[in-house]
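By written order: A, B, C, D and E. Residues from 1 in each chain.
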């Protein structure tokens, strides 16, 4: 299977976008998962519903909302542009879209993991002088590592496959925002493009497969490390 | 907010499709989650990767694969048609597409829940005479109820928002296969359709919100029932 | 011969939404339309979709269907035409010249929004125009290709892209943009919207609908949405 | 009904080679941590699939590595009370108790459930969830649960180890009642000799993955050779005594083959046989019959043997009638008293120094 | 350094109203299950936010509901050894031990960590994960962990309750060494009186959410009024004795104000003070000095008072020199011996009947 240079670029970009999407959204997903698992506050169910939104809305709508918010003329976008952060037509925008689409998946996996951690361990750390941050970093975080890993895999897979929101938000610029799914989509638009589409689909499946295999292997190691197996 | 009859139909169809998608795929998701959490076998990581596939592939590709498989000329579709079962261009196909797209999310939530159940309880049930099926139904299943619930919510939300695979597999026929996301898509295709799209988007958000609120409330009850809170 | 209790199912390109609804006003039978991308519609038709009539946004996919024998022979006709325009956000100044330098200057680091130049019909026509007009080499690095022409229009209307290549019909309906250049139709293949009856499904009612769409009242309805009427019944 | 176990199993680091037999009544398994007690019991239950060997219960082969026989746990009909309870958290106490019955061919015996509920004092708890029960309550429910699946054999792996003394005292009478009310053989794992002495008919001592001593509980516990295995402070004899009469001042006269004792707090009816545990450290010896002491319990005994340990103590095996007693005194005292085998002397047992926990009802089948 | 606690807290069903003071040394908290022991300790640690009251440690107000003061647990610098260990499963033993030090302003004292590792016998375990440790090892690590965060006060909530006897014996000397090596006050929750007697300087008895008895451990334990609270079998006196000499035969002479005792297994050097526990049920009385008995430990005593309980027993408070002893004998024996206040008689203490666990080192600051 040989690839055109542009296809290589799409593969490389997809990887870059997915990795960044996961890396950047992970801390927020962890914070949100922890919040939803451990704290009771008014409006918690609403927050949880909000987190699920990108799942419920058609990706195109999400992309459109992103455009309205983070576009060059969007409310947040204009303000961020002053800080030198631009999403429109950049790979960063593709990463943002992928991160937002994968967010509910990551949060749920992490939330389930936090719910399984015994709060008594955190109490013990508290009596040893650990403040809230130290408790979280030194105790909770290592113990929810399997859940974080599961969330990261889901987020990565989702990012590799994300298309609707991405193309609506940042269009399809080869080398900047043309990810594998955009390239696949373009192939499917012309008669006879199926073979090209299948070639790229196999590629993205292979990447995701690799990610899942690595995560399964990591999960075993983590489980051993925290004494679960 | 008043809705056209066609929009009511889309809402009703989306609900029907999502509920069926979740109900029918849940048993398979539970079985798969259990398998991945509790059994070690060669090829386990590959199976896990396979489960993640619908997440990785662009939905349109998944939709095409479904169409090629279950369409009138597809291998499985022709065979099923002889049995009187047709998916392509039917609401049942929309449910199938939604179920497949939501499957990885449901499996992951359930898998994490199974991993948190102490196998010693299953051992105890075994000494009391419970065979594999009884152990699963009477012990494991009730204890993973929160995870199943979480999986069902994710699956339902995903089904409410699924678009790419659905429109490719069953088209966008008002009153028959036009779900809320398809209707939103149609609105967005013409200038000035935004208000209609937003109206429908709000509707689908409201439904998903309701589902999440109900699930949060159920989760509390279940947690209390199984003695976790 | 159509009666009210009969139903025709049309698989139509998504860009026809609205216009098609207006055009079927007065047709006696019930018309159900499933909108989608032309490629998706064509593939669905070959997989046994319950479509009586297909109405696509370009000829390529109709050719593809024809090759596969999916159409009732001799029912294909080009019902509509369209034109390409170059649009800018509503408040933008007019464009003095359509030269590479002027366009690049107007973009000023921004992007030219256009449908996917390999897959989306508007993008394919646009690419053809840019190529024949000698603009392609300079503009190519400045393109933002979209999933469909509506997304390109939205980018311009939102001010995300300073320029966009869209159909005249779209530009007409969108108050957020102004047309800064009307593309010479001679510089690209004719933009046509072919329709045909689907083999094995399209019956008399569908045939009647196809005829109805070619007639002046329907053609006028399309024209009102910015499409170019083509349809004298052969 | 008899059980024969012959298994070998290699864990990383340790190899178990266990050969034990158990018959009617209660067989206690005693041994230090890591001796293989839980592994033995798990193998009997089928939760541990041993590398090789045979397990036969009442003629039925449950496991035979040579013949490739392995009856799964669910088909063995062996009740198991786990050290950690393992109650099902999502089921009420009543549902936990009924759990096993649905798999028993005879189904649930409601009358039995009712009787057991009262016997174990669970009536008020039936509708509660295990999460809110105290440790002692949990173990009582676990006991009832294992019992109600109508096992052919009951395994108990340190059922009381997680409980403190008051809670142990609270649950112990229930265990005794259960033992007395059934003909189902019981395997009882413990490293508390007071418990063992009170409950067990037979005793098997494990060490380093092997059975090193086994026999009637009285015999093993009165054997000075058992002393290093069971520990200096826990060594002592277990005696069978018959209740003769209850006095108005709260003391009861118990008859041993070597004489009578007066003990408080004996509830068994006159004529019944009870079991007494006399710790070696609670026996004083005197060459002459002491008088004027506050203890009423003085038995004439004959020295059978002296065993000198590593420390300053001496274990003295005594014969009192048909019974064997064990006394532990200082070497200095033994020297001063010129104790030697064959020597007659007197043993002083302070009535109240006989732990309440050591007085058990003798085993015997009855119906609950 | 002193601790004052005055708190009220209403749980659904129970209301706690606790008023306790603790000073230097080990203060034991004793009481039946549900008395409020853990709640008291949790309030001191800050894990339970009481409804109202005040907690002051060494002059610093940790909690004052009136003044709205609530120092969070992480800022209290109070070490806590939990009953269930609560070791961090993902950290090695060494990392668990070092955990608290990173929050102490002085950081980790490596020399101290080293000494403690040896003191608690943890050297070989440092790189293991808690999951593979035995129960006794876990509690030793928990102890080290709490200790190394340099607390101003150490709380221990039944640190040994989950362990069986052999494992208790294994860990106990470490507790004593720790106590002797530090001037940090310790609050020790237990319902095992042998432990309490061995460790505690002061004793507070809780019942139904209130402190019902408190004072020096010796005083409270020798008080016949404590008998119904601590239980018949556990009642007894705690005495201070001075080691006089060690004999070649393994016995040591200990001097009480009322006479000398010979005991085995005393390791303290001559001149040191040790603590002895003499259970009431292990004391025999005789009107005349008995002779020829195997026990070397006979003290002349004077009857101070007799307390008749509900059963067939009588508690006799005895004076032996300056010390108080408690004997529990049958009412019948008391009658036959015509015991009455002021009566002189002799108390026989079987040397070996004094539990090894009751011999402790006397408390006193030293460096580890």
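Going forward, a residue touches a chain if its C-beta (ideal position, glycine included) is under 8 Å from a C-beta of that chain, and two chains touch if they have at least 3 such contacts.
It should be emphasised that the depicted structure is a prediction, and the values quoted were computed from it without experimental measurement.
Number of steps on the shortest path from chain B to chain C, with steps defined by chain touch: 1. When chain centres are defined as mean Cα coordinates, D lies farthest from chain A. Separating the CA-averaged centres of chain A and chain D is a span of 60 Å.
Put simply, the C-alpha centre of chain A and that of chain E have 56 angstrom between them. Computed from the mean C-alpha positions, the centre of chain C lies at a distance of 90 Å from the centre of chain D.
For chain A, residues touching at least two other chains, in rising order: 60, 64, 164, 185, 188.
Contact between chains, using the touch rule, shows up for A-B, A-C, A-E, B-C, B-D, D-E. Of all residues in chain A, only 120-121, 123-131, 134, 138-139, 142-143, 225-228 touch chain E in the complex they form.
By the touch criterion given at the top, residues 32-33, 134, 158, 161-162, 164-167, 191-192, 231, 233, 247, 249-251, 262, 264-265, 281-282, 284-288, 290, 292-296, 311-313, 327-334, 337, 348, 350-353, 355-356 of chain E touch chain D in their complex. Interface of chain C with chain A (complex): residues 37, 39, 42, 60-61, 63-64, 111, 113, 116, 118-120, 143-147, 151-152, 154-155, 158-160. Contacts from chain E toward chain A in the complex involve residues 45-47, 72-80, 82, 84, 86, 88-91, 99-100, 102-104, 129-132, 145-146, 149.
Chain B contributes residues 60, 64, 67-68, 71-74, 88-89, 167-168, 171-178, 185-193 to its touches with chain C in the complex.
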